[in-house]
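Multiple structures are listed underneath, in C-alpha cells.
Two complexes, one shared chain (subunit A), two partners (subunit B, subunit C).
So, the complex of A and B:
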C-alpha cells in the first residue's frame, strides 16, 4: 500500500480548502470502498480527507421531508426505527448489506458517491424519488438522485464537492414497497437487485417507481415498466408483461459472477416478484 | 473401553482458549532478530521464454538486501516428480512461476523492489484445456523429463488403473446400464492463515525453518537436499511448525517460496520470512485439482451392481505435486464403495499451462464419489428402485474383501445409510420443488500407505510435577489432533488431561512421522501414544516396587496422626507390591490387590519424585514408541493393495428446495452420519463433521477458481465464494456410528476428510428429486440449474406439440 497523508477537517469549509490545496486528494467516509481499492493498488491517492469529523453530515431527521446525512452509516439507518418504519425499503436494503462490521463503517453517502452499478442503497433510494444535496466551495445545489449517477464510478459531483444530504419525501398514505436482491452467497456484490415503491388504493397502482441495480452502467429507474403499471389494476398477465418490459430496459454484462442472460432472467423474475410482494404487503 | 474417564467426553480442545483470545502465535507473528522480508516476482505469462531479467533497479533500491534469480543461484529441483524449480530459468510454464525474489528490510520495500524487476519474455503458445494439451502437435509444457530425456506428449508418465472381473460380460448381462460424464472444478483450500515460512541459517549452515507444513519430516528431507544444492551438504535441517490457521492439503508438498526463503537467507546471512497475502495465496498457490470423469454402472433386475467403469482425466497444471496422486485414493470408492464385482478404472493426468494443483481434503475421493453416487441415482431410476433401497442392497459388510483387496474389518455403512434415511424422513410426501437425496462414502480410516513407512512416533516425558509432555511429529493444523492426543495420554496414564501438554511439532525434538494426511493424525498418534504409555507404565511400576511401600507407610503415619481412631486393616503390603499389580488412576498409583484405604494411594507426582531422587539409582521417566499400521503399499498400476489398517464409512443426506424461476438451491436440512469407530471427543469430532460438510456444500454449490488462458480470474474472497453463515443456517443432524474398530485407538477411525466426500452428490440427488434436473458439473450454480430447467421445459413443450 503506497503511503498517503490523512486529513481530518472539522468543517466543510476546511475540507474544501484542503481539497483545493492537494490536487489528487480524495474524500473518505467509512473507507470500505476507498481503502479496498488503495490496498489493491487500483487507486493511489496522495492524501485522504476524512469526512468523519464533520458532524453536520451525520444528521438523521424526519419531518415534512426526511433528511439523511451522507455520513450516516448503513448500521445507523438500520437501527433507526422511525426511519425504517416510514421507509421499509431502507431496512430491506440495509439488513443484508455486507456484515455487521461493514455496516458499522459503510455510509449511505459513500455507497452513492462510489457509484457502483451494484450499490444496494441506490435502487431503493431511486424508488423513493430521493434527491441529493451537494455542497462545494461555490455553494449548495440539489439534484434528483436519478441525475446523479453518470456511469460506473462516475457521479455528477464536481471536484471538491461533497454530497451532504439525501432528501426523501414522505412515503405517502398508501405506500407499498419491496426490495429484492440476488447474490451468489450472503456476503457478495449483488447480481441483480430490484426495488419497487408504489401507492395502492382501490386496487389501483399509482406513483409507481421501479429501480434496478447491477444490470446497467448505473443503477436505473425502469421507466417503461413504471409507465406500464401506472394507473392500472393488478390483473392477470400484467406483471408478466412488466417483467418482459423490464428485460428490455436493462443492459447487463457478463462477468465472473453471472452471465448477462442470467441477470436478465433474474431481473424479470425480481420485477414481477417485487411488484407482487409490494401489492400483497399489508400495512 | 466403555468405562473411559476422558475418551468420549466433550472437552474443549487445549488450544481453544488461546486461539479465541488471539494469544496464539502464527507464522505472521514470528519475528527473529535481524529478520528480512522476502517477496517473490511471479511470471506475467502462462507460457513464455525468459529473454532477460534486469534486477539492477531493484538492487539499487535502499533497504534491499538481495535479489535472486535462477541465473545467479544453484538449481534447486522440487516436487516429487522433480519437474519443478525453486526459481525458473529459460521459460515459464504458468502465470505464477517464480522468476525472481527479493529480500528487504521491510515488506513494503520488498514489494516495491519486486515491481522494479524487469523481465523480458517471448510468449509461447500455451495449452489450457485437456483437449488442447492432448492434441497432436500440441505445444509441450515440458520438453524434457527430470532426467533430461526428451518428452513427446503432455501426458504425465504416472499410471493408475484397476481391472477386476470381466467387464464386457458383466455389462452384457446387466438388466440396466447408465453412463454419464461428470466434472469437478478447481477449488481453493481457503485456509484462514495464508502461506508463509521463516528460514534461518546459523554460521555453520544449519537450517531452521518455520513452515506451514503437514509433512515436517518429508520437508526436512527436501530441504536437506536444497542445502546440498547450496553447497551445504551434511548440515542439519530443523523444521518447526508454528500454530497453523488451517492447511487442508496445502502443506503436503514443499513449495517454491520455502526454497526461495532458504536461498535468500543463505545469500544474506539473515533470517528471511516470506508471507503470502490473500491474493498471492489465491493466485500463486495450488488449488485442488479438477477432474473429468466418464462413468458407467450396471445392475441386474434385483438392483445388484454388476459392474463399474470409471475413466478420469485430470488437468495437472504445469508441474507435479502430490496432488498428481489423487487417483490412489480414487481407487477406494471406484473399487470398493458398495459391492461391485467387476471394475475397470483408468486415470490420466495431463500437463497444461494452467496453475499447477495440489492436495486438498478428500484427496481425489470427492472427485469420483460425485459421479459414482450421482450415476447410482440414475441407475436406480432406470431400474425403478428407490435409490436408498438400491444402496442398501449393495451395502458393504464387515469381513468382506473388495476388488482392490481392501480388507473390511468393521463397517458401519448400513447404519449410516439407515440413520440418514430416517432423519430425512425418506419417502415422506414433500411440498412441490422440495426433494431429498443421499450419497455414501468410503475412505481410509487407519492411515493410507503411500510411502514405505506409514508410521509415526510419540515420546512421553514425565516431570517432577506429574506433568506429561508429549512429542509427536504430526501436525495440529486446526483439526483437533492435540485434543485427541491429550485425551488418549490422560486416559492411558490415569491423569487429568490438564496434566498433558503437547509440544510444538519440531523435527529436532519429535520422532519421525510420515505426515498429517489421509485422516491419519489421531489414528497414528494415539496408537503410538498408547504403546508409549504402556512402556511408561512398565517403567513406573518397576520403580514403584522399590519406592511405593515407603511412600505408602509415610502416608499411613500421617493418616493416623490425623485420624487417631483409625485402625489399619491387617494386610501384607510387601506381598501385594508387584510391578504388574499396580494401576494408575485419578493422578495416583494404586495397588490392585490392596484394600481401598486412602493411604494406599500415592500421588503420581510424589511417586515420580521418589523415583527421580534416589541417589545413583535415580531415574526420570521417558518412553517412546513408533507405530506402524498394518497395511500394504498398493500396486498403483494394478490398483490392488490393502492400503489402510481400517476403512471409514459414512452417508450424507440433503433436503433441498429449488426456485424454478431463478435456479437457486436452498438447503432445507442435512444429515451427516459417519462410522467413526469410536468418538474420542464429541466436540472436536462435531467440528470436523460440520467443517467438512461446509466445505462440501461450498464444493457442491459455490466454489470455483475461474481461469482464462491460464490466468486466475477470481483471486480473492470478493470473487471466490465460500459459503457464509447465511448459507449454512440450515439444521444439520450429525450421527456418529461406533463400530469399535480393533485397529483403532479405543476403536477410533480417521475422521478428518470424510465430512466433505459425499456432500455434493447428496445435494445433486436431492435437486433431481425436487425438480427433475441433473447437473453433472460442479459447482451447481443457479445459472446451471436454470439452464437445465429451461432445457427440460423446452423438451416437454416440444413433446406436447408433437403429440397430435
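So, the complex of A and C:
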C-alpha cells in the first residue's frame, strides 16, 4: 500500500483547512471502499482526512424531519428501532449490506459518496425522496439525492466539500414500501435492486416513488413508472405495464455478474413484485 | 514519518510509534506481537482479521491504527480467561471440531463471541447470518455452526466469562 499521511480533524472547519493545504488529500469515513481502492493502487492519495472524530456528523435525529448524520454506520441505522420502524426501507437495505464487520464500519454517507451504481442505500433513499446537506468552506447547501449522483464514482461534491446529513421527510400516514435486491450469494453486490415507496389510501396509489440500482451509470428514479402509477388502483394489467415501462427507463450493462438483458428482465420482475408487495404490506 | 499512538488492546494501554498509513492488523501483528489475528484477503471480505471494536466485530485490515486510538479493541488473545483458560466459545470450537487448518478460526470466534453477547440463543439462520463475513476454505461450515450452537449452550448453563469490552 502506498504510504499516506493521516489527519484526524475534530471540526469540519479544520477538515476544510487541511484539505485546502494538501492538494491530493481525500476524505475518508468508514474506509471500507477507500482503503480497498488504495490497496489495489486504483487511488493514491498522499493524505487521508478522517471524518471519524467530527462527532456532529454521526447524529441521528427524528423530528419534523429526520436527519441522518452522514457518518452514521449501516449498523447504527439497523440498531435504531425508531428509525427503522418509521422507514422500513432503511432496514431492508441495511440488513443484507456487506457483512456484520463491514456494517460496523461502512457509513451511510460513504455509501452515497462512493457513488457505485449498485450502492445498496441509494435506491431506498431515492424512493424516500432524500435530500443531502453538503458543507464546504463557502457554506452549506442542500440538493435532492437524485441530483447528487453524476456517474459511476462521481457526485455533485466540489473539492473540499463534505456530505454532512441525509434529510428525510416523515414517511406519510398511509406509507407502504418494499425493497427487493437480487445477488448471487451473501456479501455480493446487487445485480439489480428496486425500492418502492408510496401512499395507499382507498385503493389509490399516490406519491409513488420507484428507484432502481445497478441498472444505469447512477442509481435512478424510474419517473415514467411513477407517473403511470400515480393516482391509479393496482391491478395486474397495470403492474405489467409498469414492469414494461421500467425496462425502457434503464440502461444496464453486461459485466462479470450479469448480462444487460438479464438485468432488464430482473428489473421488470422486481418492479412488479416491489409495487405489489408494498401494496399488500400491512401497517 | 511516524506518529505516537496509544492503543487500548485487550484491556491494556500501549503507546507506540506507528506509520500514519499503518493498519490496525499491521500494528497488532508486527508491533504488539498479537499474531492470533490473521490477514487473509486484506479487503474486508474474508473476516480472518476480525477483532472487536468496543464489542462490535470489525475488519482490522480496513482500519487505520490511528483511527482507533483510545478505543477498546479485543483480539482473540483477549478472550483467554485467568491462567490461559479458553473462553467458552473457544472451548466449544475445540470440542465440536470447528477448526481444521485454523486460519479462519480466530475471526470466526470473534464474530461468534459478539453474536452470543448480543443474542445468547441464536437460531441456525442467525448464526449463519452473523458469520457471513467469515470465510472458511478448508471445509463446509457445518461444524463451525455446531460449535457456535454448543457455545450458546455452554454460556446458557452459566459458563460465562466477563464480557469483552
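Just so it is clear, the second predicted complex is superposed on the first by the 283 of 283 C-alpha atoms of A that agree within 3 Å, B and C clash if a C-alpha of one lies under 4 Å from a C-alpha of the other, contacts with A are read in each partner's own complex, and residues count from 1 in each chain.
Please note the rule applied: a contact is a pair of C-beta atoms (placed from the backbone, for glycine too) under 8 Å apart; a residue touches a chain by one contact, two chains touch by 3 or more.
Computed from a prediction, not measured in an experiment: that's the story for all the values here.
A.B. asks: Does subunit B (first) or subunit C (second) touch A:269, or do both, or does neither?
C.D. replies: A:269 sits against subunit B, while subunit C stays out of touch.
A.B. asks: For A:114, is the partner it touches subunit B (first), subunit C (second), both, or none of the two (neither)?
C.D. replies: Neither partner.
A.B. asks: Given the touch rule stated above, what does A:102 touch, subunit B (first), subunit C (second), both, or neither?
C.D. replies: Touch status of A:102: second partner only.
A.B. asks: Could you look at A:50 and tell me whether it touches subunit B, subunit C, both or neither (first, second, both, neither)?
C.D. replies: second
A.B. asks: Look at A:259 in the shared chain and tell me whether it touches subunit B only, subunit C only, both, or neither; answer first, second, both or neither.
C.D. replies: In the superposition, A:259 touches subunit B alone.
A.B. asks: Going by the contact rule set out at the top, does A:188 touch subunit B (first), subunit C (second), both, or neither?
C.D. replies: Touch partner of A:188: subunit B, not subunit C.
A.B. asks: Please name the chain, subunit B or subunit C, that touches the greater number of residues in subunit A.
C.D. replies: C
A.B. asks: Kindly list the residues of subunit A that each of subunit B and subunit C touches, one partner per complex.
C.D. replies: Residues 1, 186-187, which sit in both footprints.
A.B. asks: Give every residue of subunit C touching subunit A within the complex, in rising order.
C.D. replies: 1, 3, 19-21, 23, 42-45, 47, 50, 53, 56-59, 61-64, 66-67, 111, 114, 130, 132-134
A.B. asks: For subunit A, which residues are in contact with subunit C within the complex?
C.D. replies: Residues in contact with subunit C: 1-6, 8, 30-32, 35-36, 39, 48, 50, 52, 75, 98-102, 104-105, 186-187.
A.B. asks: Provide the residue numbers of subunit A that touch subunit B in the complex, in ascending order.
C.D. replies: Interface residues on subunit A, with respect to subunit B: 1, 40, 96, 182, 184-189, 256-259, 262, 265-266, 269.
A.B. asks: Please give the residue numbers of subunit B that touch subunit A in the complex, ascending.
C.D. replies: Against subunit A, the touching part of subunit B is residues 108, 279, 661-662, 664, 702, 706, 713-714, 718-719, 721-727, 781-783, 786.
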